[in-house]
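I have a structure here, written as structure tokens, and I will follow up with some questions on it.
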Amino acid sequence: MLGLDILIENWQILLKALGYSLLVSLFSFILGFALASLFTVVRLFSSFKVPKWAVRAYVETFRGTPMMVQLFFIYYASPAIGINLSPFQASVIAFALNSAAYQSEYLRAGLMSVPKTQYEAAESLGLSKWGAVFSVVLPVGLRASLSSLGNEFVALFKYSSIASFVTLPELFYVARYIAAGSFRYLEMYTVLAIIYVVIGFALSKTFRKVERFFYVPGLMD
Amino acid sequence: MATMVQSFFPYIHIILDALWVTIALSIAGFSLGFGIGALLLFLRTFSNRVVARAIDGFIDVIRGIPLLVMLFLIFYGFPALGFQIPNMLAAALGMGILSGAYQSQIFRSLLHSVSSSQYESSLAIGLSRWESFRYVIFPQVLRLSIPALINEYTILLKDTSVAYAIGVTEMFTQSVHVSQVIMSFTYPLLFVSAIYLTICFSLSSLANHLYRKLSYGYSIREHIGG
Amino acid sequence: MGEVIKVDGVWKYYDGRAVVKGISLEVNRGDRFVIIGPSGSGKSTLLRMMNLLVRPDKGKIFFEGVELTSPKVNPVEYRKKIGIVFQHYNLFLHMTVMRNVMFGPVKVKGMKLDEARKVAEAALDSVHISRALWDKYPSQLSGGEQQRVAIARALAMEPEVMLFDEPTSALDPELTGEVLQVMKELAKKGMTMVVVTHELGFAASVASRIAFIDSGEVVEEGTPKEILFSPKKERTRAFLNRMWELYRIEPEW
């Protein structure tokens, strides 16, 4: 009853769709993290004004426009300049570009929360500037951004549902297909909501475990 | 290139007209969310631990539902229960419910900054629980929440674009329609981007200014509803 | 000759305002050089210039005859020989006590882990940090314990000289004793020390020389007897009177 049979009947294609949702989120998170790291280095350590300004403009632009627009732009406007992307590629690129803006904000906030005196203490022992950054500023600053980054991943997972608009067969796309075929909209979308909530909880829990692994008394609380 | 821009010009007003739908939808969603958020805060503050835990759980569940799924559940799912809802209303409802969960969290995170003696002293002068919440506690929480609420509004504004999925003719939907007519997505999408950006950037600058002015340690953690 | 640190006519400006105005002084091997003076007199800045954490705008700093301020010299090379202890301890927040002390020897001197551990154990023992605290994080320690770990962290580098920047002024009064005790023991072992402090009792019993600094200048320099008990300058006398006053107000019970 109530959707359970939908789940039983379609579990294989739903599972595959979940795989797509998770894969898109994971890839775009990692790619976004790499970009965000680069941005953060520019924002905090670059001594030139132009790149700093460019990164700021990037972050404001991607935070100030809807992800829908970004995704549609990447998928539907790129053929105009001769680039043809698969739905998966387009989704990963769009989400990564978006996530990079948010992640760089979290990284920056985390790194800026490290007291300057920590850096000074490392320097006073004879460490070079970069030695101090890598062995003291990064471990403390990354811990401080850990929980925001976890939330960002869960947010990406939820937002991956819009990839259905560029025909990526992820969870939402498949659920819509099943609902339309069986006319059981209420049950299917309820089941879908439950799937998102349960997987979202599981992801948050995993991230909390990661946080606990890196937990240091007196930091992060 | 120039001809493509020119072919877009006659349609600009279609997008601009839809800006008002976008703004109306975001304000409706935000207002509903505000009401729900304040109600959840009130219920949570004055209920025993079990009920408070249940409310927290409910909020967490709601927050776990992507906006897109929420909109489909309301627009395509509810008719099965016997009531059909116009798409604009469905969009406002879906956004409002999700935003309510987020707004209650904003309020809750700031509740502890209002000292409990405020509540005790308002009870002591003879106010009821509701009155002390309404006249003493909530106004103080609200004042501190303003910057976070402004950010929450910008999120809603951007999220109205998801209502494209259920055919609400807001700005993004219209820009897609125009794109399909002129057979180019570039300029219509750039054009709406500029509008979203202008509004969101102005509002978030205002919020940052207020954060600094109120200068309390509330982390600027945005959520995205999807 | 036994000169370890030489400060030669250094100036430092912040926002166009001079906070250190042409100070010169010499710290010889085995000296316990104590710097006293009112808050904001530039004494912390002066101390931080000695290992070039703060770079002077004018003037020279020498360490064992090498000019650290020379553009050809990389001060990073010399910092490992100059230990510094900060007012707010500045222990590495994400490392245990043991890791904090091992950090310098491993990262800077390239020591092997087991070797560094031995050095760290000896350093921690010398500042009386009990074994039970070795695997704790800084936030789990009292201020006095944190400051003693900070001293151990500096000692583990086997420095030629130790700089102390108001090491007890962030501590609750009942915790200053344990830190001063450790510093006295260090002095007894012959460590060359430069100490910025408000603890006149410590200055009187440990210092070999004292400099009184006010508004960025050395007003007077001499033995503890000369400076603390028969100052020549009116400014020194006024400062000391205020300080003794504070001491007397301290209740005895």
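To keep things simple, chains are lettered A, B and C as they appear, and every chain counts its residues starting from 1.
Everything that follows uses one rule, which is that a residue touches a chain if its C-beta (ideal position, glycine included) is under 8 Å from a C-beta of that chain, and two chains touch if they have at least 3 such contacts.
If you're wondering where the values come from, they're calculated on a predicted model, not measured in any experiment.
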item	value
Topology of the chain contact graph, where touching chains are joined (line, ring, star, complete, other)	line
Chain closest to the assembly centre - both centres taken as Cα means	A
Rounded Å distance, chain A centre to chain C centre (Cα mean)	46
For chain B paired with chain C, centre-to-centre distance based on mean C-alpha positions, whole Å	55
Centroid spacing, where centroids are CA-atom means, of chain A and chain B in whole angstrom	20
Touch list for chain C against partner chain A, complex	51, 53, 76-80, 82-84, 86, 88, 90-94, 103-104, 107-108, 136-140, 153-154, 157
Chain A residues within the chain C interface of the complex	115, 117-118, 120-128, 131, 135-136, 139-140, 143, 216-219
Chain A-touching residues of chain B, taken from the complex the two chains share	60-61, 64-70, 72-73, 76-81, 154, 158-162, 164-165, 172, 175-176, 179, 184-186, 189-190, 192-193, 196-197, 200-201, 204, 219-226
Touch list for chain A against partner chain B, complex	60-61, 63-69, 72-73, 76-77, 80, 102, 105, 109, 148, 151, 155-156, 158-162, 164-165, 172, 176, 179, 184-186, 189-190, 192-193, 196-197, 200-201
